[in-house]
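Here come two complexes built around chain A, the first alongside chain B, the second alongside chain C.
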Partner chain A sequence: MTLLTEKRAPRAHDESRKIRGKVHLREHLMGWLFVGPFGIVFLAFLIAPLGYALYLSLFQKKLIGGTSFVLFDNYVKAFTDPSFLSGAWFVIRFSLVSIPLQIVIALAMALILDAVTTLFARFSRLMIFLPYAIPTVIGAVMWGFLYSKGFGPLTDIFGLFGATAPDFLSSDLIFYGLLNVVTWQWAGYYMIILYAALQGVDPSLYEAARMDGAGRWQVATRIKIPLIAPALILILVFSLIGTLQFFNEPQILRFLAAGTIGSDFTPNMYAYQQAFSLANFNYGSAISFALGGIVFICVYAFLFFTRKRRSFL
Partner chain B sequence: MKTKRLLATVALLAAGSGLVACSSDEGGSDASNCTNSITKKELPVVTMWGWYPNTQLVVDNFNKQNNEVQVCWTNVGQGSDEYDKFQTAISAGTGAPDVIMVEADRIPTFQIQGALVDIKKYGFDAVKANYSDGAWKDVSVGDAVYGVPVDGGPAAMIYRKDIFDKYKITPPKTWAEYEQAAQKVKDAGGPLFGDFGANVSALTMALQIQKGATPFTYDPAQPKSIGVKLNDQASKDVLDYWGGLVKKGLVGTQDQFTPEYISGVINGNYATYISAAWAPGYLTGAGVGKGQDTGKFAVAPLPQWDEANPVQVNWGGSAFSVTKQAKKPELAAKVAYGLYADKESLTDGWTNQIIFPLNLTALKDPAFIDLKVAFFDGQQANKEVYVPAADAYKGVSYAPFGQYYLDAMTKQISEVSKGSVTGSQAADRLQEDVAKYAKEQGFTVQ
Partner chain C sequence: MTDRTSLRAGARRPQRHLPLQILLGFLVIYFLVPFWWVIVNSSKDAPGLFGGGNTLWFTDQIDYLGNLKQLFTYDGGIYLRWILNSTLYAIAGGIGATVLAVMAGYGFAKYRFAARRFSFAIVLGALMVPATALVIPTFILFSRLGLTNTVWAVILPSLLNPFGVYLMHVYARDAVPDELLDAARVDGAGEVRTFIQIALPLMRPAVVTVLLLSAVASWNNYFLPLAMLSDNRLFPVTVGLGLWQGIASANNAGTTSLWSLIILGSLVSVIPLVIAFFSLQRHWRGGLSVGGLR
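Up next is the complex of A and B:
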């Protein structure tokens, strides 16, 4: 087609190309103009700070001797630093336990709420979602008080059975204490995402399945779950990234249990301590990037192993 | 098409101007958002951060009496909270106040970063005689003076009279007696005798110094070299002693200044509280000594290792420093010298036990010395305990990386309390950790 046109009317084509070129240019300009506001904000508030942090992480600042360029020394230090490694190990362990737990709870609740359509179900849906509407800081403070031995309810409840209440802020149980806070806060949110995905499934599929003799359980496991797999993977990625960057809850509970939750409890907290209380922005940036690397590897590995099931990214 | 383009341009401009609006904000220390209200608006203003419970009154007193400069005060948090913000402002090069309240042990940390101003040339001679030489020593680095002392923290043993009476014990004079008394109370089914809080590592440091430890030796004339001795026998002994008390179930391991701890103090869960002279003011502020526990507290001198050679130590104590970011250091120095130095403010401070004053006009004031302290049910706490302790205090050399050291110590105290290491092992680990950090920071460690 192109060849033909060229042969027949080369001059006319040149003209139309010019015109088309002008239109193209104009459309290009308009496109850039529309992307512009977002682009500027994106560059100014995401790319530029990231670039600056990367730049900072290549230097080393000493109290004696000042700042010097050290290339990747900070990264070498981070990956041999027991504080960083133990923090990273903690968030990885925490992810391995908390994410499956939250997903199972969210999925179970979404399936139940999807199957039951009473007023009570709608009320429950709201109640289950409510913790997510509470800011994480407030949630952490609240749980901090609930865990309190002095005036929390646990002492009274366990006292009824003549037992001593577990101290969820002690170093032995802090893992479970935090697990509970995180699950309480996020399971409802994941439930809503899964519930919304379930609402998008064509009901005729259920009917067809029932005609083929599938029971409720079979409909759930054979039809519903496979169909919402993309949503499941989405929330898995969300929760993986969120948990590896664990910061708010332990940072707040630290005010109640500084001995249990050290300043290097999670990599993000360690980066915060280095940057803002020890004035070592360089090493803090390096830790942030090192953590970013770990998050990237974990998410990439996860997406690689689930590549057949996902329909996004 | 044209209108669309116009709209897009407008949107772009709007976004752009939003950015400009953001970047023209100068940050935390401008004089427009003071906690106090300034009445003499025509005078120049000096910004100040501080967290004394009665700062409002102190600032108002200063502003009322001064016709040269006014103070704009912000409370940005207590202790570490404030230091973190100050540290960030130092790194940023902007955002710090002109005058800042700091504890004496942090002065070297900020001084080594060049964040504080030597105020010796701004009227030091006029106020020199108002403080003891020891008080000036704690806020000086070498010959340079980096702060105006406000309060000290002579340590002592606060105890519950009702618990001591019930279990028929008298205030222990030595640490050996302290343990025996603790055992006696425990055997009789009584409450915990004290608390070994991981978050009050500065107190543990003071208790180690009492036994004869010298954690840091630092001579500002040779700023590259520092002596770090955190695992000598005295340091180990003190950690072993407290680790032992925890293991035997004689003391708690609760973090202090938390609601949990305060409620424990009110409930009488702890028979003693090893703390400084400023503690009653903070406890009262948190609600202690007001309800069921009114008049149940008393204070005794800090138990000793060797009764024949008593050693007194200090926990906390603070000063006003002038920061390098102060635009008019001379004016800022006037504030640092004058704030909390008038009789009215000092009297309010010591009557409420918010400060143990270092200003000699208060310290030598018979009214202060003979004060019957309400919190201690009328006991003459200053005369009996705190003033002798303060007089015997000899001063300490602090580290220029205090924050790191205290954080590392918190971690080790927590390990000792958990029982995963002994006190001696914790001291060795701490030494290794802090010495490594000092080397990383470019010091030669001795």
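Up next is the complex of A and C:
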């Protein structure tokens, strides 16, 4: 049988090559026809703005003398600008805490929901996922109310025990206030992705492990988690990209915590302020581009270190 | 042998595990608290809201209808306009992005055309580009073209969904057999007809997932419309409520009624998406696993 196929293979290959030769041009054409429309949007709304941002970031506009080419001056300025640096440091610090926290919570919930199969578990799954359907802006508005001294329940709850409520909008605790909003918003979404991956695992693997004497905990850590590693890496990358661009939540909570969150709280907020409040588009673009660079480096560094796991890329 | 049968029975029986269920109960409470707060407090009038009292329970006066009427008539019914704008942006952006992503994903998966690998690598690289880094340059480009402060300024950039392309590519590659497409071609079906009648039905779960994800992304978008639009009659509901929040915080004394509008406005704005998610649950869940596992 092996011999037969081996003999036949070259001929079949030749024939298909002949046919291929004829349809070659057609296949190129059809391929580009399907990909083309997206390609146009891709060029217009990704490549062009990126190129333009790079171009803009190389110029400086001055009151006297107009716009001049300054090469990397804006970047030098950004990386020595305390506003940009403190914002960048904040989002990096925030990522280092919030991403592991969200992933651990999401993973724990996914494992529980994979193991417990009651009606209540199904209901919980939906409820935990619910915040994903809420715009981040609305989520921040809701938590802003819960945190506020006037409307929030914290004063009452802590009052019961004779304690003063923590003020999550104060500069000491805003980190945790934002951490809670972000976890609430995204943990359910990550849980659903991990849960879907767990559901795709062949259950006979668990049975085999159990027959070999593995307990629940061992099945979870030795079989389930390694098998869903690609999904874990995927959500890690997405949460990293999202967190470094942090904008919506602090921008909304700013209104309630005016003294705590300044206009340069995160790099994105700083770029927004430079571009739209101060009409300094050159510097704003440079900050955006510098932030994009930081995201790119962080993600690639991360993917490089997890390469052994066969990432999704 | 006995071990084996008991294992099988265990697999079929629902796994109860009480402590874990209690833990789930606490989690559910945590995730629902903000909703509960909003539902309770949108029933109150301004005195009820500011009068102290229990912030997690109703007052004697439950006045949803009165508050709703106020919400939809305030400032000439601007809130309804925001909701309609959000709907337009979500539907136009969602459908447009999905059509482009499905076609491109299928094209990348099923045709060996020139520069295919290279272009797909660039699309994957684009997953890393922070979307907000594009907002400022896109704004300047659009203002040159006179497109800022129009609905196009919000809809056109949301047509870009590289993740959708990646998802559709993976799904089309795995779920649409080449043999089936070849058979259709041998039967004389054209490429477009093969795509629509053979491939598209097989790709349905992923199509629904991408549609839902892009519609949600458009509905939730804040940074892009905030930058692009200055006429508040074009705002989506996210930017509109953000605007109210800013006004209400800026002058606390004069606009106490605005707070109750914001609370009810938040509640009303989340209802459409919650309904969409729950009613389409069956269709999109299958698609989500694709992105992670292969």
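Just so we're on the same page, the second predicted complex is superposed on the first by the 286 of 313 C-alpha atoms of A that agree within 3 Å, B and C clash if a C-alpha of one lies under 4 Å from a C-alpha of the other, contacts with A are read in each partner's own complex, and residues count from 1 in each chain.
Throughout what follows, a contact is a pair of C-beta atoms (placed from the backbone, for glycine too) under 8 Å apart; a residue touches a chain by one contact, two chains touch by 3 or more.
This one's a predicted model, so the numbers in the text were calculated from it and none came from an experiment.
Contacts of A:L101 after superposition on the shared chain: neither chain B nor chain C is touched. If you count the residues of chain A touched by chain B and by chain C, you find the higher number for C. Within the superposed three-chain model, A:F145 lies in touch with chain B and with chain C [touch as defined at top].
Looking at the shared chain after the overlay, A:A209 reaches neither chain B nor chain C. In the superposition on chain A, contact is made by A:L256 with both chain B and chain C. In the superposition on chain A, contact is made by A:P37 with both chain B and chain C. Contacts of A:S277 after superposition on the shared chain: chain B is touched, whereas chain C is not. Under the contact criterion defined above, the residues of chain A that touch both chain B in one complex and chain C in the other are 30, 33-34, 37, 41, 44, 145, 150-151, 255-256, 258, 276, 281.
Taken together, the chain A residues at the contact with chain C in this complex read 27-35, 37-39, 41-42, 44-46, 48-50, 52-53, 56, 109, 112-113, 115-118, 120-121, 123-124, 126-139, 141-146, 150-153, 156, 184, 188, 192-194, 196-197, 199-200, 203, 207, 210-211, 228, 230-232, 234-235, 237, 241, 244-245, 247-248, 251-252, 255-256, 258, 268, 271-272, 275-276, 281, 284-285, 288-289, 291-292, 295-296, 299-300, 312-313. By the touch rule above, chain C contacts chain A in their complex via residues 3-4, 7, 11, 14-17, 20-21, 23-25, 27-28, 30-35, 37-38, 41, 49-50, 54-56, 99-101, 103-104, 106-108, 111-114, 116, 119, 123-124, 126-141, 156-157, 159-160, 162, 165, 191, 195, 216, 219-220, 222-223, 227, 237-239, 241-242, 245-246, 248-250, 259, 262-263, 266, 269-270, 273-274, 276-278, 281, 285-286, 288-289, 291-294. Interface of chain A with chain B (complex): residues 30, 33-34, 36-37, 40-41, 44, 62-65, 145, 148-151, 171-172, 255-260, 262-264, 273, 276-279, 281. Considering their complex, residues 4-5, 8-9, 11-12, 14-16, 19, 80, 83-84, 87-88, 90-91, 112-113, 197-199, 223-224, 253, 255, 258-260, 263-264, 267, 269, 400-401, 403-404, 407, 410-411, 413-414, 417-418, 440-443 of chain B touch chain A.
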